[in-house]
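Each structure below appears as structure tokens.
Look at the two complexes coming up: chain A is in both, with chain B in one and chain C in the other.
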Partner chain A sequence: MSKAVRRTSLFEPRRYGELAPASKIAVYGLLALWSTVVLFPLYWVAITSFKLPIDVAYPPKYLPFIDYQPSLHAWRYIFVDLGNDTFRPYMNSVIVAPLSTLLALIIGSMAAYALSRIQYRPSLGSVVTFILLLAGVVLAVALAGIDWRIATLVAFVLFFFLLRALGSRFRRRLGNGDILFWIISQRILPPVVAAIPVYVMFQKLHMLDTHAALIATYATVNLPIVVWLMYDFFVAVPKDLEESAQLDGASRFRIFIGIVLPLAKPGLIATGLLVLILAWNEYLLALFLSTAKAQTIPLLVAAQNATRGPQWWYMSVLIIIMIAPVLVITITLQKYIAKGLLLGAVKG
Partner chain B sequence: MKRMLSLWLDRQSDRLFILPSVLMILAFSIFPLLISAYLALSRFQLGIGGYQLHFVGFANFAKLLFGTEQYHFLGVFAPIPWLGWLLLALLAGLLGASLVRYLRGGPAGIAGLIGRAILMTLILALALLLAATLAAGGQLGSLSVTLLYVILGVSAQFVCGLALAMLCSQRIAGRGFFRVVFFLPLMVTPVGIAYMFRMLADMTQGPLAPLWRLFGLGDLSWASQAWSARLVVMVGDSWQWIPFIFIVMLAALEGQSQDQVEAASLDGASYWQIFRGVTWPEIAPVAATVVLIRVIEAFKIIDLPNVLTNGGPGIATESLTLHSFINWRTLDLGGSAAVAYMLLFVSTVFCSSFFNFIMQPLRSARA
Partner chain C sequence: MTVELDRISKAFGPLTVLHELSLSVTPGEFMVLLGPSGCGKTTALRMIAGLESVTSGSISIDGRDVTDVAPKNRDIAMVFQSYALYPHMSVAENIAYPLKIRKLPRAEIDKQVRDVAAQVQLDALLGRFPRQLSGGQRQRVALARASVRRPAAFLMDEPLSNLDAKLRGHMRAELKHMHHQLGIATIYVTHDQIEAMTLGHRVAVLNQGRLQQIDTPHRIYDDPANIFVAGFVGSPPMNFVPGGLAEGRFKAAGGSLPVASRESRENVLLGLRPEDCRVAAASAPDCLAGTIYSIELIGDHVLVTCQLAGTAIVIKAEKTFSGEIGAAVGVQAAPGRCYLFDQQSGTRLR
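Right, the complex of A and B next:
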């Protein structure tokens, strides 16, 4: 019976829902091809880090132990001879990336939660007043040379009284959707637009080249992503538990920390990973805001070219130690990322 | 006292939840944006014991668009060949047709009309710019190069990412392995990718050197040719970002309901027919979102061109962000802010139009 059903053609599937043998071969071929495209560059970096300068020259050597004798000289140079010059930027990255991620996660998920539960209705008029006063402060400081502390204080007092006086006349109100869109749209803002003023700001505060400066700016840049992804998670979390807790008299903070955050853990992990990767790889803002003390690892790697030309064996070691932690973390938590990204992207 | 504080906190909790985010964005985005606007309108000069800012109006922008920096920002123009004019006319016709359809479709709002007018003017101007700088004898400026990175790069990445996702969504053994492998490049720091591709693309010593020698190209240097340098930048960028599109599209493909697909295949529909009729309409909203995310990020590209080619040869691979950064390094703060503002303008118009005209209709069609 089964023999009669089985077809012999290469181009017909053997069983329903399976691929025909020919297309199966084609699919595996293409997948293998792309795996090579992905893995070969990484492989090449890995073996180059064990090469002596002489092994990098033509003809290329592909296989360690067969084509050439691997050597640890580059690793020794980077870790022992350079020592602190490698570890300092590395430690800076290890401090800055997770802390900024944590900050963005806390602040961002608070905002996302609030936007998914509480109705905000700021009036359009007060927002416009605020922006106009802010522009006024900038102009007053830049043109008239007024001390920025005085200008800010005056502006705040003005804002307060203007709201008292005119507040009831502002009828047009914004909704949660507008606030959400405003926060998310900050991601469109190219960091280079804000980089110079941020540089000047930190210079005035004597905070250039510090961890705090990098953490604050990284967190702000990544905040829109957190709000966007976490908003979808919080919308999906059922509200019954929260409502019963509210009836029991728990405060909003307690509900948020005790009930909502644990429920949204998969989302927090996915979002956190994505933001961590972005913060770890950040280049432009670090270029503006750090010079020596707070220099991060991407800057160290990028600077190699300028200082001693492309010495590929040292470079490869640096690339490996730069990407290793992220690779390890991501491969272990990989299944969360796909889920998290999907939720954000599907619901938009 | 402590009780009062906690009571007060509880009453204010609605505001306290959202306040930190708003303050952060105000302090590090909106406020700098305003200062940047002022910088873009002034000239920065180092003087004795400090610096001075002179208000110069729109001089910085005029310099970029019409003055001495025009070659850098817009590029060098050449006469547009007839084919270019033909394509431009076609584009203008298409835009006109869509405007007519919008006006006929019902009462047109002022905001919608203004938005469309800005978008269409910008699209036509940029198309004209691309036509004039891509023509023989012309030279691309940083604006056209950035547009190329965005348009060519993102399209290529989307096609590859979607194709890979479709391959991986087949019922075959070893899917999990491929999924993890394909995901890897997303983790690699762009700076690292830049050096990696410099190593790989090294035509005299790199792993492909024997191949180049075979074709007699061993002495050629990709970094000294404008188009090969741009190609390497785009390949590096794609290598990193195809995984992102892949992983999201794969999740979308796996999330779609199988009933319709099975019904269609029992009716004898071909794979291509099923994709066009059943699968694509269902995953289109996700595709639009993922393309938007990529476009937003692609406008900001700097690390790859800066490390791979340093913007060279000449300015052939210089993106707008890199252009702005180079101006900053030469202490031309006004020019730097002006370039940054042009980038902000172009990317905002593009991204918000994409959101309004492509994503919203797709999503409301599905809902």
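Right, the complex of A and C next:
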């Protein structure tokens, strides 16, 4: 006869693992608010791309067909009138971003794997010697006008000589943690600091305004991110698996390709996606390194802010076609960023 | 094929975890390395595998010195405690992996995988992934992967310790059967003395990085070399009573027992296996006096714990045993079943 008394309270969850009604309202309310903040600009860009210049003026018009009559004039201008001038930067981005990402992933994941599995113990003394000699070469070439080939050769000979003579005295040793920190520290400087030296370098090499220059630069700039992120994923792969593969007869490279990389796939895809987006959206270095032939899509978007004032309608069209591929790739790859891939490896 | 360890040692910095271990595994032999955790048994196994470097000494497999040979070139297979199955590969791919690396033709690989899978009853599971298998099935995949290429030797690192008790008993029998079928020299590491006794042709007992005794399970049990081996092997473990020797008798606080030794000395430990003791009347001759501390019915026998002058002794008694906690009794030993040890060094006195 005892019927459980159910007291319903706004602040009591009905079941363990659920939110109380009041918390639910608060949480979903906040989420809805934030979604609006995130999605509204996208909506605004979308409707602006169909506005005539007159409709962009104050007061704002929010609803197509009601507030204003949509027009395809901006789309026609970008795709038909500009035609090749849109297509070329777009293709440049399509070439530069994925290739630089691929390069950064290949080099970076191998570096991260090495750092996660091999103990490096360079002595502090030899690192300092190397840096001092390098600085010496730069000074000798820049100030004394010595041929760089001679300076480098002398420095190399000196380096090995010093290392042989003093090597045993260098007690302080660096570890993998120091190397990792050094790699990530490359990202501490704001990119603009590096932009001018990089510009000068490619100018001397006559490589300005080429795909190769952009690919090399982006891969270099994004390498620390790849190393840093992939390191964590590789550390999480159980050592037992690799030892087992060793005994099964596999070489280290084979283990890396056949065992470790497949298991780190979610990390590889997530990292790749992040780096791809960074490269795809990069503006500053592209501004320095490309002028016409290798110009990328972010530059074209910015260029719509021309002498006639910002051309919001053209810009909106370009932004939409710029976002689209990234969105499609992210949604396609999302299912591969699944967790639990390591399940069943070593736990009973 | 033989595996020879010649005085191998392993040091991590100032810490030596394995001291000059020498042993020789004959073709087809099942050798068990037994010891408590941290005794160096797993390190020794990993050195044989090549996963740890050898600080000093040498290892040879089938007459070839492999001390500095990479693991992949040693032609040995290892079963890990964690099984170490490749989670992104199916059961069939896992088993085929060692063959694939050896670039065997596809048809040949398929045939061998099917053969070995049938041996360990995995035929129906070849398409599954490790995460879809139970612990015992994963264990069988690990065994199949290790045996598919007929290595020179098997190494097993506590392969049964992740299984529940019932499955462990079952897998123990399967392991024994598999070893019988394949006849490949096996080195098996465990801290479980039952596994050691049931599986091994010979058992090497290690403690603190040193080999204590290497012998057949029989002799390890019946003729332990020192107090460590005597106390480690056997369940419940051997009882130890401190006392002295004089006139062919062992004298302790609660009385004296006849022993085989004619020596006369102090600081002696008497070792008595639970099954070699008997609870007698307090007035009986040749017994140590004590009181009953607890009585536990195990099923086919009763464990009686007696307290005698500060030492607890566990006695395996008939299941019909009746007694009262607190009752005064005498503990008798079966004649000729007394082990004597030096209290300081722990060595056996014969």
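General observations
Going forward, the second predicted complex is superposed on the first by the 288 of 348 C-alpha atoms of A that agree within 3 Å, B and C clash if a C-alpha of one lies under 4 Å from a C-alpha of the other, contacts with A are read in each partner's own complex, and residues count from 1 in each chain.
Here is the rule we use: contacts are C-beta pairs under 8 Å (C-beta built on N, C-alpha and C of every residue); 3 or more make two chains touch, one makes a residue touch a chain.
Source: prediction; values computed, not measured.
Of the two partners chain B and chain C, more chain A residues are in touch with B. Look at A:Val200: by the touch rule set out above, it reaches chain B but stays clear of chain C. Once chain A of one complex is fitted onto chain A of the other, the partner contacts of A:Ile259 are limited to chain C, with no touch recorded for chain B. In the superposed model, A:Gly145 lies in contact with neither chain B nor chain C.
When the shared chain is aligned, chain C comes close enough to touch A:Glu243, but chain B does not.
Once the two complexes are overlaid on the shared chain, A:Ser251 sits against chain B and chain C alike. Within chain A, the residues touching chain B in one complex and chain C in the other are 251, 341-342, 345-346, 348.
The touching residues of chain A, when paired with chain C in their complex, are 238, 240-241, 243-251, 254, 259, 262-263, 265, 340-348. Listed in rising order, the residues of chain A touching chain B in the complex are 17-19, 24, 27-28, 30-31, 34-35, 37-42, 44-45, 48, 56-60, 62, 107-108, 110-111, 113-115, 118, 120, 131, 134-135, 138-139, 142-143, 179, 183, 185-198, 200-201, 216-217, 219-221, 223, 227, 251-253, 256, 277, 280-281, 283-284, 287-288, 297-298, 301-302, 304-305, 310, 312, 315-316, 319, 322-323, 326-327, 330-331, 334, 337-339, 341-342, 345-346, 348.
Taken in their complex, chain C has these residues touching chain A: 49-51, 70-74, 76-78, 80, 82-88, 97-98, 101-102, 129-133, 135, 138, 145, 162-163. For chain B in complex with chain A, the touching residues are 6, 9-10, 13-14, 17-18, 20-22, 24-36, 38-39, 42, 53, 55, 164, 167-168, 170-172, 178-192, 194-200, 204-207, 209-210, 239, 243-244, 247-248, 250-252, 255, 285-286, 289-290, 293, 296, 299-300, 302-303, 306-307, 320-321, 324-325, 328, 333, 336-337, 340-341, 343-344, 347-348, 351-352, 359, 363.
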